[in-house]
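To keep things simple, chains are lettered A, B and C as they appear, and every chain counts its residues starting from 1.
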Amino acid sequence: MLYADTVVSDPLVHKPKVIAAMLAAAAVFFTVLNLNGTVFGELMRPVIGEPAEAGYYGQFAIGVVLALLFTLNVVVIGFLKFRLQVVIVWLQLLCLFLAFFYGFNLDFEFIRKKVWFMVSQGVFTTLYVSAISIALASVLAIIGAVAKLSSNGFAYAIASFYTSFFRGLPLLMQVYLIYLGLPQLGYVIDAVPAGILALTLCYGAYMTEIFRAGIQSIPKGQWEASRSLGFKFGLTMRRIILPQSLPLIIPPTGNQFIAMLKDSSLVSVIGVWELMFLARTLGNKTFQHMEMLITAALIYWMLSMCLELIQGRIERHFRTKSH
Amino acid sequence: MNKPVIEMRGVNKWYGTYHALRNVNFTVSKGDKIVICGPSGSGKSTLIRTLNWLESHQEGEITVDGIRLHEKMKDIDKVRMEVGMVFQHFNLFPHLSVLENLMAAPMWVRGVAEAEARETAMKYLERVRIPEQADKFPGQLSGGQQQRVAIARSLCMNPKVMLFDEPTSALDPEMVSEVLDTMVELAQDGMTMVCVTHEMGFAKAVADRVIFMDAGEIIEENDPVQFFENPQSERTRTFLSQILQH
Amino acid sequence: MACTRRAFTLAAALTAAAFTAGASLAGEALDRITSENTLKVATDANWAPQSFLNDNNEMDGFDVDVARELAKRLGVEVEFVTPAWDIITAGNWNGRWDVSVGSMTPTKARTEVLEFPAVYYYTPAAAAVHKDSPAANLADLSGKKMGATTASVFELYLQHDLTIDAAGVPSFEYQIEPGELRSYKDSTAVMDDLRLGDGTRLDGMVGSLPAILNGIENNYPIKIVGDPVFYEPLAIAIDKGDAELNAKLTTIVEDMRADGTLSALSEKWYGIDYTSTK
């Protein structure tokens, strides 16, 4: 949270000018949206008559009513305590979101039939591809970071070439390059290892920078103390520097993992049956891809939220441990 | 006659074009307690940090425990194991408990068994009078306590000489004496010590020799009585008057 | 800690194993099929009714049935892999799979990287528009925004760059001069844009007649315009360099055509016999 001042002013949404502006903007917005033909038109039938014939009058009436409801909602929420505000706004946004999905007239029976396969095949593949990749990428990142910080010209050149190259190319292109290019050199690798390799190399390059920053954030005194006790480089790195940089490395690494979870969908082009591949494929025969896409979207979202929770746990663990 | 533990002959050091140490000569024999003082930027910290080669030198010869220090040496760790160092900012390992800080070097560098390392660690924690803090983390201790842990950490390696680089400068005033007391006791036990400090009371009490440095040079080296009562150099007199006038 | 380290080793070993496995071959495809007792078939999982995932989440469709029949007559098991279409058509499979049963048109360009043992059916390619479109014949589509699957014969047709040199295919001429050509991942994506409304994103498309009919059957608001623009011969493809496999597949397809298996499969999936051009 930002560092709040001790003097508290009125919430923004309680200033008359802001309320008036909000009301006006919402009224214009809902009027332009033309909701005569929707459920709101039906609800307003006593006021505007037959919705289909209400025209601009109907639009305007609905617009004003919705704007009033919206503004009232915002003003009331403004009176609540922080936590309650968060919960209520979250729930409202979630409801809007679900209503949006509901508007597609989804076939829930079809979703119910397919969702288990999406989880057992798709989520499983997505998770294990991402997990192996992030683990290998971390190893690569440590090596890359040490090389980038070293005074050895070779190591620095190789590491900086690596990070520059793999951060400079679109991941999809790397997937193709590795899957189609490596066989030219005589190494034929399957789709899953090729995908893992591409993700590892790409994320290893990004994470090299994270690890480098983490290592550099450890004060010089730690190196000097280690050295003065007779520790060699490897020992210092392993026992003193890396353990201390972990709290700095873990939050961005968690973010990388969440990003990778979604980027791993790119390996579907080489035929890996992960979540995104199934989302595009399962509904194909019966043209029910909206169902599958939305299901997959919600699954991705839930996975990300779970990972965020786990990440928060780990961060707290490190925060309480160091002192 | 004692063989010198540390010997510096004609040592020069530059940072780029800045001449940090100018023709420094001095010798530390076993059991010597030497205090180095001087105005800030005089090169005293640089000097003490060249003794375990945290800083390199370019000219002259430094010999520690019979080993000459130079750029290509393979066994610098052997020297560093025998030379304890206490820093201005303690430099404890914050992710390890006090006990682990003390046990780390003996176990990882000397290969001492865990039980033995623990025993040694507790012995030195008692010696610096904070055995009850063994399981805490450095961040939970006061500055004075941290510095005493740092001294104990060095002692656990059973060094032949201890270097102190302004050990009390970062402390709140009320904590200075607890650290100095520890150092005095250490001196009384016969430890060979080189201390960079402005604590003139400490110098008077324990030093065999006091060295005054200015602009990278050793201006004066004398026994403490002579040094404080009859300084030879004009610059020494000015410095002493500045730090002793209150 | 020990546990993570073991996981690391395992992952590293897996990757290393994957690198070495299969790093050989090219050429002895038939030997490989017999020795592994498996015919590895590359096909699309996203192209109903030729190939798709059915209700039991298994591969199904006309192409899949043909592939199963091929494997049966070779006396081996069948296994399906689903790389992207452009990866299949690029050739140089390096033994990753043995054969493509994916309704591939044997274009001249493709014969440079692939071999086509046999044409197993022909699909009419047709133009379609949104049902609100005023277009009445093919000429009306010239100058319009047309869509097609990327790297497909339909796109080549719209680019006026299509050569079909398989035997028994009637000749054709380019009847549409698109104003703008948009490429899509697959035919479903083309129809998804077309369904949004006449001219919303697309004015029309060229695709395979069965796929379009399938869409119409599933309530896509689109309609066919004019007669089929060309007949597309669709072939089984293999990687270059194994004449023995080539000959064997040719014989098998001939047998399947002769004993009516192919026609039966076509009737099963399309309701029409597409295995000859009328």
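By definition in this document, a contact is a pair of C-beta atoms (placed from the backbone, for glycine too) under 8 Å apart; a residue touches a chain by one contact, two chains touch by 3 or more.
Keep in mind that this is a model prediction, so the values were computed, not measured.
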item	value
Minimum number of chain-to-chain contact steps, subunit B to subunit C	2
Identifier of the chain whose CA centre is least distant from the whole-structure CA centre	A
More contacts between chains, A-B or A-C	A-C
Centre-of-Cα separation between subunit C and subunit B, whole angstrom	79
Subunit A and subunit C, separation of their C-alpha mean positions in angstrom	35
Inter-centroid spacing, subunit B versus subunit A (mean Cα positions, whole Å)	52
Subunit B-touching residues of subunit A, taken from the complex the two chains share	221-222, 224-225, 227-232, 235, 239-240, 243-244, 321-323
Parts of subunit C lying in touch with subunit A, wherever the complex brings them together	4, 7-8, 11-12, 14-15, 18-19, 21-23, 25, 45-49, 52-55, 57, 81-84, 87, 90, 92, 94-96, 188, 192, 215, 218-220
Contacting residues of subunit A [partner subunit C, same complex]	113-114, 117, 121, 132, 135-136, 139, 179-180, 183-184, 186-193, 196-197, 269-271, 273, 277-278, 280-282, 284-287, 289
Contact set on subunit B toward subunit A in their complex	52, 54, 77-78, 80-81, 83-85, 87, 89, 91-95, 104-105, 108-109, 137-140, 153-154, 157
